[in-house]
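The structure under discussion is supplied below as structure tokens; questions concerning it will follow.
Chain lettering (A, B, C and D) follows the sequence in which the chains are written, and residue indices restart at 1 in each chain.
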Amino acid sequence: MNMTALPWDLQLLNTLAALLLLLSFAMLSQRRIVALVDLLALQGALLCIATLLLAWRTGSHHLYVSAALTLGLKVIFLPWLLHRLIRRLGVYWDTEPLLNIAGTMLVGVLVVIFAFGLAQPISALASTATRNSIGIALAVILIAFLTMITRRKAMSQVVGFLSMENGLFFGAMSATYGMPMVVELGVALDVLVAMLVLGVFFFQIREQFDSLDLKHLESLKEDQ
Amino acid sequence: MEFVILLGAPLLGAMVLGVFGGRDRAPEANVGFSLVTFLAACALTSRIIAHGNLLVAREQFFIDAFNVFLVTLTAFVGLTTSLFSRPYMRIEAAHGRVSEGQQRLYHSMFQLFMATMLIALTTNNMGLMWVAMEAATLSTVLLVTLYRTPASLEAGWKYFILCGVGISQALFGTILLYFAAEKILGSEGVSALLWTHLNAVKGQLEPSVLGLAFVFLLVGYGTKVGLAPLHNWLPDAHAEGPTPISAVLSGLLLNVAMYAVVRCKVLVEGSLRSSLPGRMLMGFGLLSVVLAAFFLWRQRDVKRLFAYSSIEHMGIIAFAFGMGGPVANFAALLHMTVHSLTKSSIFFAVGHATQKAGTQIMDNIRGLITLSPTVGWGLMMGTLAILGTPPFGVFASEFLILTTAMKQQPWATPILLLALGVAFAAIFGRVQSMVFGDTSARRLPHPPALIPVFTHLGLVLLLGFFIPPYLADWYRAAARLIGGE
Amino acid sequence: MSYGFASPLRLCLLLLTAWSVVGVAGLVRPLSIAFVARTLFPLGAAIGAALAAVGAAGLHYPVEQLVLPIGLPNLPVHLRLDGLSGVFLILLGAASAGVSIFAAGYFRRGEGTAPGLLCLQYHLFLASMGFVLLADDAYAFMLAWETMAVSSYFLVTTQHRIPEIRQAGFLYMLIAHLGAIAILLSFGVLQGGTWHFTFDAMRAAHLAPDWATIAFCLALLGFGAKAGLVPLHVWLPEAHPAAPSPVSALMSGVMLKTALYGMIRVSFDLMGQPLWWWGLIPLSLGLFSALYGVVFAAAQTDMKRLLAYSSIENVGILFTGFGLAIVFAGLKMRAPAALTLIAVMYHAMNHAFMKSLLFLGTGAVLHATGERNLGHLGGLIHRMPWVAWLTLVGVLAIAGLPPLNGFVSEWLLLQSFLFAYTVPQTFVNMLLPLCAALLALAAALAGYVMVKFFGVIFLGQPREPSLQRAHDARFAERLGLAWLAAGCVLLGFFPTHFISMFSTVTLQLKIGGLPESGASWWMLVPVPERQSSYAPLVFFAVIVVVVLLAIASVRLFYHQRVRKGAAWDCGFGGLNSRMQDTAEGFGQPIRHLFQPLFAIVRELPSPFDGQPKYRLEIGDRIWRALYQPVGALVRQVADKVAWLQQGRIAAYLLYSFVTLVVLLALML
Amino acid sequence: MKAFDWIVQFMGIGLAMAAAPVFVGWVNQCRAWLQNKSAPSILQPYRAIRKLFHKDAVIAENASRLFRLAPYVVFGAMVTAAAVIPSIATRLPFTQAADAIALVGLLATARVFLSLAAMDVGTAFGTLGARREMMIGFLAEPALLVVIFVVSLTCSTTALPIIAERLSAQSFALNPSLAFTAVAFTMVLLAENARIPVDNPATHLELTMIHEALLLEYSARHLALMEWAAALKLFNYACIGLAVFIPWGIATTDDPSSLAVSVPLLGVKLLAAGAGLALIETLSAKLRVFRAPEFLATAFLFAVLGLLVRLLLGA
């Protein structure tokens, strides 16, 4: 389709979507945990803007609320929490990922193609203006999955987990202009609690193994 | 009314015990709340029997034949588990394995866990169901890591991450479901997420979307069911948490997750008009049964052993639901019931056995029958029951499942035969040498609670001989609901 | 139809319930031997006798059915009493009566499980066997079947402190369970459709030949496993010695027959018309089992293992006959089929008595001496004459010697084999006579085995000084032995009566009965046109008369003294008990002749040894060739599979990821 | 049953009991002649038995009742067999009591008692003998059974008198299956009666002896009964063979005249059979005990060949 045909806000939305995808690639390749968290925050911010745009476009109020939620939770609180944890626990670097960066990127690209392919029929059905970004949401989710697979530090795995949440949120946004309020709140609550639980976790793990390296967490297995 | 109590009691309990859970009367309070919940469940059940399905809170909650018996089962097992955990936690405290704070955490989280499961069962809103499932995970994570041992932390971490990731897939599936539904039901309000509405219009939902949705939902909730190869969190979490938690995890949580899967399957099959979802379930089921059978062969830790057996049975149930049809669905529901009863009773017995022997390594547990005949026989009987030897109820369901499989899916029967044989050899050989033989183990500070064990076994025994008519009617109704025409 | 409360089926139900009640009563005073042994077990014996009587009465009533309000919602428990179940009920009742009486005197303190619990398991075992015979739908049948297995498992593991016994129990339970699943699947094939698991529905259902074949093979697998058909026999020689002797007697004498019952029920009743070539499978397996079992029995040194292997032999004979019956029935040769089936049932009945008798005999010896090893026994006929002479009856019977019962069934079986050459199938009609010859070989070998059994235990000189202190059996035990011995004699002397009893069964199974022969009641003429006759009574009378005459005349004409002297020691002097032949020695010709069957480990002493040692171990080739590899295979697969779970969360996430992607791809 | 039949029956029994030792004597005499020895009197067996009856019995201390009962049982079994076998006439009351298979069973009973008695005293020889005797037994029985099968195929019955009647009714014809079977039967006869090549009745060499080892502990009247029983066994086997393979001349009707033919004819047949037996024994050498299975396997083979030929040619 030719970009000029679209109104500017949609163009903006598509750009945001593309940027989200880009960010998740960046996270896939990022080694420094601090930077990882910043990228997460940035992703959250983009998400927030996209939500606001949609809210303004469709004029549906609950989208404003969820935008606020995103802002509060994903842009401000969680990054702050994570930074704090990082400082407290002193984990700044992730070690080399299991698969080298180039390889990961390649897999990532394949995943994106797969995701877009899957999304084709759905987007065709979608009534929303943002239909094309469903594929992107799916891609973001799967790439976040990859991120989690390839990381060795508990902390970075969590970041991957959160970016997956972002992807989900964006998916909901672009497919259906967001879920009903009840669900939105529930999800947000769960994410919040999850983070708090994680906080507790990190300290427990730390005091047991005095590091957050996942290689300590490989003792329970069948393969003696 | 009963309904409010049903959900309110455990929530209240969670708060109260969150504050006073460390007092030395806390276990009794725990039992009390569970008892109230159970009574409410019974009342609700009788009402459903009397007046049929029930929609409450602006259709947010929906109770029908399918979930009401799961509600009762959940409440009942919750009650017996709280009964069992009373002496159990006392003994743990006496052994100095849990501090007061940990007891507080334990009790309040236990109640919260019950609450979340009940919500997940009764809600009519697929989104809310998702939220509740996630909450169930979160409330048990800290229980799994209660002992703060390295192993338990690892188990907890895996549990958290794997289930978290899985459940996120389920969320995406839910989103797709909503996306498909809002076209017919409109995006105003939440009606597009209400199962009853979805079920009403399932024929018109867009197949391609629902197919994708089902994949995500299956992978998501299937992770919690513990279907291979998504099961990896399960044995760790069962083995490292306190035994009452293992009991409710494999006795209840798996059931609830399976319930979610089946609810989704109903919608999707209605829309796809193909047996693809069924075949997927069957595939998962067989894979789980076979893998679990071979994993069983290598176990040294008794709780891991029975965790894998849970995987095996979930596989059987999934297979049965996958086959579909009145008999198979009936059998699957029956199997859910008897499995949760039997398995929790086994975990009770195992809990005391491990406390007596002071270890979970099976090679070091010997001669339970001479040490404490009740525990020994309890374990032996429970094992025989779970292995599907009559006259226990598990046999009834396996009888129906296998015979139906022979009619509908004969190709699968050799696999099942093999897996069941291997599993039998693995479990029975180990349990036999734990129960029989000579021993040198010490007495316990508190008398073990064996009423729960034998209550459960008694019920399972009863179900083997005689299924009360109204229970049978539930099963039939539920089977019809799931699409057993 | 109903005859009010007193109808045979209801009475059977009542008696079986009574058995269970007696069992539960054992828990009232679980530790009191006196209560359990003096009160409960005799009660159980009485119930058994009553059951036999009711079963016999049931033969004269028409088939009767009953539906109990328990079971699965759409499948209440159906019961049915027809000729077949009646006959096997007689078997169960009569044999168990003797065994229970014996058990009343047998169980003593310190037997591991508390006597009360033992009583419970014992009577549950009996009751479940009864219900197996009465069950008329798949679910009830499997319920009773598995209860039987479980209760007998607990009886086998009575002395669970001994590791070997635990092993035996485990093996037994495992094979029983696999067999049960096979039977279950076979019912799955036979079922009449959704929720139609009653036997009536199965009779009504019509199966495609291929499915029928599958069902038959599954049933054969399942019931063969319970019967101990080679190569599924391995549990039998382990479990029977492990159990207390009355239990071994029941398992060997009665439980194995329930497998035969199931086989007959499935293939003749439920399937209606079996295909003739099915019969060749049980026929060949049975023949092999018969030879295999008897050959191994001859090589055993443990008296209970010896009997266990002999049970395998007899099961083999039973299944040979069963297979022959199917061949005849499948080819619509009614009279031969009926004759064969009658011979099979007759042999089942005989074996129940003979084998129980022998096992009880070994039990008495075990109690008197504490020895199971033939190498440490001998000369007991002097110390325990009752046991010895009563056991001798069983020995002669099971060796298939006229005029006792073992011979009758073998005679009938051979008579039916004489129809073989009329089978309109080439090859088969030439091979079957050879099968008969092999059967004769097995029977003759059984004679060899039994001579070894009796001779080494009861005859010769005691091989251990301690045997001098052996005491004879108590009254109750003697009574039990006598009951069973009497059974052997009666079955041997009055074949015509029992045969008429069995032919009602074949009539009900629509195979047809035996043609009427004008012969009188004491003369057995199964096939009139063939005029082959056998009159055990006359036979016995003649022998007795001649013997008496001989004794009398000797007394009369030659009244020389009888001096006691030392046995002839070839002039070397110092003839002692170690010079007589050992059990191993007696088995030596067999080992020599049938070498290929055995896996033998031998340690021969060299001429220069200080203390020459001779060790001989006889292994089961099938165990090594079939079971050990399977076990190893499972272990290997388990190890391979275990690799999947190596504890790395990344790997687990990868699994989820891949699963997701694959399923999505499926959806595309 | 007419009185005449009973008379004939008892005559047959008496004849058998009387003739058996003579038959043994005759065989020994022939053998001696063939071996250029001076032959003992044909009545020698009688003398031996009579002498034994007049001796005092010596019995081992630890012998049980079984030991003393066995000789009578064995003897009784053999006499019963003699009563069942149609030697001179077919219409006999007792012949219906047992067919050929039952007869085999009867002989087996005798064998088992013999072996048990031998094991009773508990010497090395006794058990050794018992073991070998039983081995020969279980090897011989299948062959014997197949023999019976062939015959019953030909006459479609297993009742000896009927077989004899039906065969004697038809005129003599060359019948390959029956010929094979006859060979098999003869071999079984040799084995069962402890004759060369399986056993040597004339030696006490412990490495080879079977029958003598069984009797080693017996003396006086018990030994006499045992020997007599052994003679009867041989006689019975001979009569079975004659009744089945050369039945011509046997009395199949109830008139005394037929007996006048059959009795002398039987004598002649027996003389011939004895001579033949002696000839075989002289020509063949004693086999090692573990060659015996091969010998009997050959017998089995012959019988089976007879069977197959019968099934194939119907002749």
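Simple rule for what comes next: a residue touches a chain if its C-beta (ideal position, glycine included) is under 8 Å from a C-beta of that chain, and two chains touch if they have at least 3 such contacts.
Bear in mind that the values here come from a model prediction, so they are computed numbers and not experimental data.
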Report which interface contains more C-beta contacts, comparing C-D against A-C.
-> C-D
By CA centroids, point me to the most central chain in this structure.
-> C
Measure off the straight-line distance from the CA centroid of subunit A to the CA centroid of subunit D, and report it in whole Å.
-> 101
Inter-centroid spacing, subunit D versus subunit C (mean Cα positions, whole Å) | 36
Distance between the centres, which are taken as Cα means, of subunit C and subunit A, whole angstrom = 70
Subunit A and subunit B have mean C-alpha positions lying a whole-number Å distance apart equal to 31
Subunit C residues touching 2+ other chains are 641-642, 644-645, 649, 653, 656, 660, 664
Two or more other chains in contact with one residue: find those residues in subunit A.
-> 118, 145, 148, 157, 217-220, 222, 224
Which residues, counting only subunit A, touch subunit B once they are in their complex?
-> 118, 121-122, 125-127, 138, 141, 145, 148, 154, 157, 161, 164-165, 168, 171-172, 175-177, 179-180, 182-183, 186-187, 189-190, 193-194, 197-198, 200-201, 204-205, 208-209, 216-220, 222, 224
Would you mind writing out the residues of subunit C in touch with subunit A in their complex?
-> 641-650, 653-654, 656-657, 660-661, 664, 668
Going by the contact rule at the top, pick out the subunit B residues touching subunit A in the complex.
-> 60, 125, 127-128, 130-131, 134-135, 138, 141-142, 145, 148, 150-151, 153-158, 160-161, 164-165, 168, 171-172, 174-176, 178-179, 182-183, 187, 189-190, 192-193, 206, 208-209, 212, 235-236, 239-240, 295, 298
The subunit A residues in contact with subunit C across the complex are 98, 114, 117-118, 142, 145-146, 148-152, 157, 214, 217-224
Over in the complex, which subunit C residues touch subunit D? Could you list them?
-> 378-379, 381-382, 392, 396, 399-402, 407, 411, 414-415, 418, 421, 429-430, 433-434, 436-438, 440-441, 443-445, 447-448, 450-451, 454-456, 459-461, 523, 529-535, 538-539, 542-544, 546-547, 550-551, 554, 557-558, 560-569, 575, 577, 579-581, 585-586, 588-589, 592-593
